[in-house]
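One structure follows; several queries about it will come next.
Every chain is named by a letter (A, B, C and D) in the order it is written, and numbering of its residues begins at 1.
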Amino acid sequence: MSAVMGPPDAGGHFGTFGGRFVPEALMPACLELDAAFRDAWGDPDFVAEYHRTLREFGGRPTPVTYLGRLSERLGISVYAKREDLAHTGSHKINNVVGQALLTRRMGKTRVIAETGAGQHGVATATAAARLGLACTVYMGEVDTVRQALNVFRMELLGATVVPVTSGSRTLKDAVNEALREWVTCVADTHYCIGSVMGPHPFPWMVREFQSVIGVEAANQLREFGVTTPDFVVACVGGGSNAAGVFAGFADSSAQLIGVEAAGGSAVGLGMPGVLHGMRSLLLQDDHGQIEEAYSISAGLDYPGIGPEHAHLADLGRARYVAVGDDVVIEALQVLSQLEGIIPALETAHAVAWLLRAAGDEIPARSTVLLNLSGRGDKDVAQVRSILRGES
Amino acid sequence: MTSLDTRLRDLRTRRKALVPYFIGGLTEDWTTYVSASILAGADVIEVGVPFSDPMMDGPVIQAGALRALGNAATLESICHELSAASFEVPIVVMTYYNVLHHFGLERSAELLAQSGVAGVIVPDLAIEELTPWRDVATAADVSSVLMVAPSSPDERVRRIGELSQGFVYAAARMAVTGQAADVGDASRVVGAVRAACDTPAYVGIGITTAEHAREAATIGDGVIVGSALVQRILDGASAQELEGAISTFRRALDQASSEA
Amino acid sequence: MSAVMGPPDAGGHFGTFGGRFVPEALMPACLELDAAFRDAWGDPDFVAEYHRTLREFGGRPTPVTYLGRLSERLGISVYAKREDLAHTGSHKINNVVGQALLTRRMGKTRVIAETGAGQHGVATATAAARLGLACTVYMGEVDTVRQALNVFRMELLGATVVPVTSGSRTLKDAVNEALREWVTCVADTHYCIGSVMGPHPFPWMVREFQSVIGVEAANQLREFGVTTPDFVVACVGGGSNAAGVFAGFADSSAQLIGVEAAGGSAVGLGMPGVLHGMRSLLLQDDHGQIEEAYSISAGLDYPGIGPEHAHLADLGRARYVAVGDDVVIEALQVLSQLEGIIPALETAHAVAWLLRAAGDEIPARSTVLLNLSGRGDKDVAQVRSILRGES
Amino acid sequence: MTSLDTRLRDLRTRRKALVPYFIGGLTEDWTTYVSASILAGADVIEVGVPFSDPMMDGPVIQAGALRALGNAATLESICHELSAASFEVPIVVMTYYNVLHHFGLERSAELLAQSGVAGVIVPDLAIEELTPWRDVATAADVSSVLMVAPSSPDERVRRIGELSQGFVYAAARMAVTGQAADVGDASRVVGAVRAACDTPAYVGIGITTAEHAREAATIGDGVIVGSALVQRILDGASAQELEGAISTFRRALDQASSEA
């Protein structure tokens, strides 16, 4: 157990962030979930089943790949933790497998989830299919149109996709709608949230389910002769892949870097606030109204950040930087051409920061662990349009 | 005892409380709807201060909040208007925590108190995170009205009952605000509140028709009607038409009183 | 080393099939390749590097997943070898990693490849990028239009895609064109063929590079307590994933089943003939002209089959069956909904046969190893059109 | 010694061999092009029997083969026409192995022999897989004409030289059939053939102009011209126009003879 990234306090606070800001109707479910998760996570049988499912179904452990050609280009040593090779194409599966198993353990028969681009929705539908749980996914109407293929993917997996027509009709509103729906069905339904966000115990639980990334990576780096990397770099939307990889290095001397999208930089541009059940850093206007994030990458299009990240930023233990859309496409191209790995646009943010910082903020010959959170197949059509000047 | 506690305990001895809900800033003349409803017999006015992400609200109030935000409604602008209107019945503001959090808890409490607001309902503030707000609000004599839900176990209801000021908002069903076809679990929820405390219990969430209101009033000490009224205003009802609607609710509640 | 699936004779024959039917201009390259492969495959350093690259870059070992809900539905026990989790989404990476490493070992600096749907092309471009080799992919013009996103994917990876305008302008012609081009650049260029086809040593070499599938699976099944499965089932286009998995079980009592597309069933409908450098079973008309295959799945759209499969069919050691397009979509849906795995359309052929044969040709309670050769992401748009009656 | 061996060794004593290539069945009157070329001085005729997948052919001959297949040309139909035409110069058929394999090796050899075909070039049949075909063909006195490529090492050239009948097809470059701007590696390849055997060496692959042909003829014992002629026919040249083109090549070769 990490000292820096330990459990939150009993109320789910990481420093001044986190907590449980939900309607009374949902509080019993949050408390039940907290107890159920504590119980399960302390039960060797549950932990074993979680790891077994990730191993036999989810494709874990994902490898660490030394990126030799990129390293040579940048004058640093870059190792990539390959979450792109996990089932459904990103780290999202780690979390949904954990939550789906917990759902069954709690005797619930159904999951609901929010999704933006559809990655978490596909992952949830996948875990639900595997465990025989019913599944409904809330998705902003705008996103159902932009990501029509992911809607179909979820439907293929047996899930029902509900277009959300409220608010800005994107991810933020999908979360609202999922919470609203959860109120009505909390007795038999678990809300499978997609990142280290939401009311306690979600940020903690999701981080725990994702910490398999960092724990694996730390061991794997040792096989490459790397005891502690100088930097651990991950992109940050809600922050689950970053939290997962940071968890393996929080007590080490590694510098932890979270890379946000410039247009969704909750740490860089946000202020403390309360949304979606948590106190964290949020993009908001002068009156505390939540502002929409904008990013080329749907998975980073979130106006907040997980509360533990807000806390790590406060502590100075992790640093959060931002990169603009313009450099992200180039980073995606560079990684594809040098290493034969087309990263997700989200992931390409972390790569873009490496390209910018190598030899500068990252001193020459540093050792860097890059969390390669997902594959770019989902983004190829969009990247093509952009490169052709079509959008 | 807050002022709201005192007033509503007194009200309980006289009649069932009718609590219509209005969205601050929904129309330019929104306070005239409030005045009309007071004329028609409203006992307490619930005023929604809009938030971009109203997690506890259904489609009608969401649409209303969005419209109000489009009209540049803010906590300050609404308080300003309430202050100017200076209604004689108690005003209870309903808003989400971020609105208060962003403006500052103490600053919010002071502003609300100065504007004549007697209480605040913050639907995303359950008892676990309540203390900082309740403390500053109580200091300003602004009551914290808390909700009990059908899912709340007895032990929670007891604690909520202890902490809720003015009245307890008894949610009739597991749902967000909206219109429904019955009074749901009102009876069970109010029963739990009554067993836990002596604070008046008002029934809300989904109360749509006068008949529901009457039924709810036979159960609780008051009735909160939200979406059903907001929908009328969104549909373009005049203040006079709204006054008619409120009168109907008033009669239903008075009928419930006489039955009791 | 398997006795049944041992090396071919010195001329590359598996029984009466295989051989080297290429222009004299290419014979020296085929001989050089044969010698280079024999040398490399006998060199522990090369073998170690091949396995290391597949482990650290390619995502091996891929897991074996017990398909519990499908098993229950069918009354048999189905285990899936998860090649869908390999890098680039199918077993194709196993082969291209081997050939790319061999290319470098031979001192060549460039690879060319043919591709149909684009899977092998993407895999080749991937391995080439990783190793810093130049890469040109030949693709029928018709396919470049149908699979435009895969063309872009290859380009992102730094490859040049050449549309082939000869013949039927599909896969078969892409092979012809790659062979024609190879004649002109054989000195510095390796032809990285995509299946167990072509002149010796390709069918053997590709099978050896793919046999990692069967070897891994046999060990993994033992961890599930399965010593020998009753059936080993794989889809067959050229036959590389089937050959790879069969190689682990050829000397066991397992029944080996190759599932062809009904419209490309070289074993069912073909006759012995010579094409693309090999003697095998081919779809051909009364005059020995090669006929086009037709299948819903581009990866099975090949009028031939690898020569070793023709030989295994001759021996009766493996059995080849065919399923029609109509049942393939349904099979894809069933696997998606029951197990949370959207298979490639190619792979769905093998699933479709399971659905048909369980309880009949596959006796109740049999144990089946299904080679889940690839993921369906590439096919989702097509499946959607089909289900909506758009195509 | 096959008949073709005898005839071409005899031819070598007289002049450089001019070998135009025609696609059987390309047009309905394709044999009239053959006759015209013989009139103009062709010494050997290479007749392509089209195959769906001509791996050793460039775009021109691919297009021609596709057209001939569209005209329902088959091994049998072409043999039938050759038989009927009964040309006095040796006919060498060029086809891919599957065509023979499918018809049956013995049956093919007999059919070809009966149709007056003296030899066969099978570009996808290198010496490794040659024996079955060469044995039955030789038995029918149908020669197997083999290719040597610039990539063939000396030891292979020696073995090819031993096995090739009639002539050795010396590929001037590492390429499939087509049109090129020079005679490529002809000199080196022919040199290797000469060092290996006494069989006449004819230069082909990419010979486009009379000037190339002349140069190639100073190197080898004959010249094969394919795509350059097929292109003319595809472009709609008449038999008479083709005769003119062949005459030009003839003069170029005779010039080379006189220079030698």
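In this text, contacts are C-beta pairs under 8 Å (C-beta built on N, C-alpha and C of every residue); 3 or more make two chains touch, one makes a residue touch a chain.
None of the values given here were measured: they were computed from a predicted structure.
When the partners of chain A are compared with those of chain D, the chains appearing in both lists are C.
Note on chain placement: the centre of chain C and the centre of chain D lie 37 Å apart, centres being C-alpha means. Chain centres here are Cα averages; for chain B and chain D they lie 98 Å apart. One inter-chain figure worth recording: chain B and chain C are separated by 67 Å, centre to centre, where each centre is the mean of the chain's CA atoms.
If you draw each protein chain as a dot and join the dots that touch, you get a simple line with two loose ends. Applying the touch definition to all chain combinations yields A-B, A-C, C-D.
Looking at the complex, you find that chain A touches chain C at residues 55-57, 59, 62-66, 69, 82, 84-87, 89, 125-130, 132, 149, 152-153, 156-158, 332-333, 336-342, 377-378, 380-381, 383-384. Those residues of chain A lying in contact with chain B across their complex are 11, 19-29, 166-167, 172-173, 176, 179-180, 183-187, 271-277, 279, 282, 284, 287-290.
Considering their complex, residues 51-59, 62, 66, 69, 74-75, 96-99, 101-103, 123-129, 146-153, 156, 160, 171, 174-176 of chain D touch chain C.
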